[in-house]
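Have a look at this one before I ask anything.
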Amino acid sequence: MDQLLSEIVAKYNYWIYVVLMMIGFYAMIGKRNLVKKLLGMNIFQTAIILFYVSIGGKRGAGIPIVDKHAVMLHGVDASRILNPLPHVLMLTAIVVSVSVTGVALAIMIRIHRKFGTLEEDEILEKIGQ
Amino acid sequence: MKALAFLATLATGIVLLYGTRDFAAWGDAASPASRHVSPVYIQQAVKQTHVPNIVTAILGDYRGYDTMFETVVIYCAGLAVICVLRRQKT
Amino acid sequence: MNTPNMHLYILAAPLLSAFAVNLLGRVSRAWIGPLILAALGFSTFGALLTLLRVLRDGAYRYTVGNWQAPYGIELVIDPLSALMLLLVSSVALLATCSALKSVQNELPGREHLFFTLYMILVAGLLGLVQTGDAFNLYVLLEITAITTYGLIAMGPDRAPLASFNYIIMGSIGACFYLLGVGYLYILTGTLNMADIAGILPGLNAPAAVATAFAFLMVGLWVKMALFPLHVWLPNAYSQAPTGAGVMIAPLMTKVTVYLMIRVMFSIFSPGYEFIQHAGVQSLIVWAASLAILCASSLALAQRDLRRMLTYILVAEVAYMVGGVWLANGTGMTGAILHIVNDAMMTLCLFLAAAAILYRTGSLEFDRLHGLYRRMPLTMAAFTVGALSMIGVPPTCGFFSKWYLILGAVRAGHWEFMTALLISSLINAVLFFRILELAYFQPVAGLQATTQQGSGEAPLPMLSPLLISAIALLALGFGCGPLIENVIRLALPPGFAP
Amino acid sequence: MKLLQERTRDRLAGEDLIVRTAVRLLVPFIQLFGLYVIVHGHYSPGGGFQGGVILGSSFILLALAFDLRTSLRFLSVRVNAVLSNVGVLIYTGVALLCALAGGLFLDYSALDRILPLGPVAWRSMGIFLVELGVGIAVMCIMASLFWDLGSGGEMDEGL
């Protein structure tokens, strides 16, 4: 049991992000209201962004902006600067998340304009008629 | 239906947490992610591109192909919203 | 003309023509058609050159931005990706000729918006097919996804809801794929597929690698609509505007199956424990067999031609997934050949459906009476497509099904073989029912033809249809040399045909 | 959508004076800061996407404090559409130019053959050009996203 506890303490960030992801995932597939599905999608994508950014962390490391002349003269110690690659990837994932949310909102406006509701089962009833 | 969704979520969560068993602890400078490619980025980025901000150097140059498609994604979002919402004036 | 950048000019042509169409299309509609056909013609010609170059000089790797492999993004041009480049650009060219006409009919005044998204989708597919970087693959997956959401949402009344469900399922698939790449990045530290494949065998992290493999696979299965995860596809592809459906249906699922092959054999080598594991293989082949049977029987219950085609599409995806997971050379050859054949068959049938919808305004079965008299050429091409889907010898559908069945027999998966045979019989029932309606049913008295008047589909919709029907026959006859010098080279190591 | 617009219109009667004058003072400085973030992407945190969003938010602020028509007066729909195309074309154009100049795709040092600045200096210049293109594109698209979603596509009287 203590082995599991020590592991949770060492990697508690991954446990938190997995819980966040599952909240978002449940909302996406469990909820019937379209707005709640969209919010679930946002929670899921944000949790993945946090997950990636936490990969790059190094204890006691500075941000990846270095003094140009100092580095040109005598280089830089890589362990003092945190890993920049996940931050680049997550800039891309954030833009993707914004884009998909924008398109989903536009589609929801059009659904609301046509069916008057955003509850999935009411919409299916209206389509049924 | 909700029970099925809850079970699926639970299963996915357990598999994800089971997967984190082999990861390095958080903040560990010796983790594989901080040892393989990123040290070269940190040391070489300024010499090869004269850009102090290493994130911008990677974003614009090393992985510029990603960012090009990134701009196309945001462009598509703007266009899709126009397609879906605007009624044709003609 | 064979500059090293040719495969990126193939991608840049549709991308730049998309922006040009958006800028110039506002000014005058006449610009759109020629600009797009020129761009796609150039891409198809370039793809042919690239395939010939790869067959002559062998596969080569291209580093974008002149950075060496693990630091920059790397593109891999090998026989399989060159073949897919040619397939994507040629199918896109044929689909665009038909879409140009049908969009004028359905979305008047918004062609320039439609075709900008359309060409960015083609550019995204062309990029997807040649990328050798795991995260770049995610970005391109998102490009193809967001353009497809936009295109489907432009459809008539029920299309936005179908598109919204597609967004939710597509985002789940993309997020699972991203999680898989994240797990691999934590373990290996790089994003380059070949680099990860080099590091993975040396790792002693069985749990995390297995989780990454599971998430990559489930993510791609959701995106390709494998049976239990296919709920979004029938509505999305049948509600979409016909111009979009003609392009999305043949390409999106096939390229995702190609991506599954690329992930399985470029990131995880064929020797990876879960690919060799007999239990996992039989589980997935059983799932594929079940998927084929359920999807085909669901197709029987449909009363609308296009919805029936989408369910057959779901069954075809299960063919290919099962073929790959048979884990022997014959099954793999059958799967890759089926990617090419199925793209052509689906293109032919969807083009025919688009032509019929353009003329008669509806695809309900009871509106297809006596169609043969009014649209003889369209129905002839539809018959060729139907025969190919059933798997009748001269057409290409037979040969890929033949290899799949042979692979199933060799792998000892009898359930997959029986599923294939039963599904072929169900396809026969499905298509002969329609042919019987169209050929032998007398034209009912009240059958008022729509305002376009009776008669054949317009030339820009008919010519790609006939070309694709001829291509089905040509692929059937040319399937020997195609396998011999392209697919045999594309097989992963250790999969002797 | 119409009900929402009536409610916002009668709420405008009283306390909009403070908001409007504050916004009229703020917007130019927001745009200046947005431009600073784009241009200083090399030296400080920032770059094309972040700067573009700040610039886009200045137009959104105008649309919120005043009304959609004022925001459209500063950046009309036609200019917005053309500028978003120009932004993306700058990026793909630079990428293609590197390939046509004889180097590999997106290899900025290949541009050295056109205008000799030195390969490494060209890489830094290439990143700057690309960030500029991204900034312009993201600015226009953020503004157009808000206009469309806010007014439900009619572009008449947003929120």
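Read from first to last, the chains carry the letters A, B, C and D; within each, the first residue is number 1.
Note that a residue touches a chain if its C-beta (ideal position, glycine included) is under 8 Å from a C-beta of that chain, and two chains touch if they have at least 3 such contacts.
Computed from a prediction, not measured in an experiment: that's the story for all the values here.
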Practice item. Go through A-B and C-D and name the pair with more C-beta contacts between its chains. Key: A-B
Review point. So what's the Cα centroid distance for chain A and chain B, whole Å?
Key: 9
Check your understanding: Using the average of all C-alpha atoms in each chain as its centre, how far is it in Å between chain C and chain D?
Key -> 36
Exercise for review: Could you please state the distance in Å, as a whole number, between where the Cα atoms of chain B are centred and where those of chain C are centred?
Suggested key: 26
Study note, to complete from the structure: Residue ranges of chain C touching at least 2 other chains are 15, 22, 64-65, 135, 139, 142, 146, 149-150, 153, 160, 179, 185-186
Study note, to complete from the structure: Contacts with two or more other chains occur in chain B at residues 16, 20-21, 23, 31, 33-34, 37-38, 41, 50, 52-53, 55, 59, 61, 63-67, 70, 72-78, 80-82, 84-85
Study note, to complete from the structure: Among chain A residues, those touching two or more other chains are 21, 25, 29, 55, 65, 85-86, 89, 91-92, 95-96, 99-100, 102-103, 106-107, 109-110
Review point. Which of line, ring, star, complete or other matches the graph of chains that touch?
Key: complete
Check your understanding: Mind pulling up the chain A residues that touch chain B in the complex?
Key -> 7, 10-15, 18-19, 21-22, 25-26, 29-30, 54-59, 61, 64-68, 71-72, 75-76, 78-79, 81, 83-89, 91-92, 95-96, 98-100, 102-103, 106-107, 109-110
Review point. Quick one: in the complex, what on chain B touches chain D?
Key: 48-53, 55-57, 59-61, 64-65, 67-68, 70-72, 74-75, 77-78, 81-82, 84-87
Review point. For the complex, which residues does chain A have touching chain C?
Key: 21, 25, 28-29, 34, 37, 41, 44-45, 48, 51-52, 55, 85-86, 89, 92-93, 96, 99-100, 103-104, 106-108, 110-111, 114-115, 123, 127
Review point. Taking the complex as given, what residues does chain B use to touch chain A?
Key: 1-2, 5-6, 8-10, 12-13, 16-17, 20-21, 23, 25-29, 31, 33-34, 37-39, 41-43, 46-47, 50, 52-55, 58-59, 63, 66-67, 70, 73-74, 76-78, 80-81, 84-85
Revision key, fill the gap. The chain C residues in contact with chain D across the complex are 4-5, 8-9, 12, 15-16, 19, 22-23, 26, 62-66
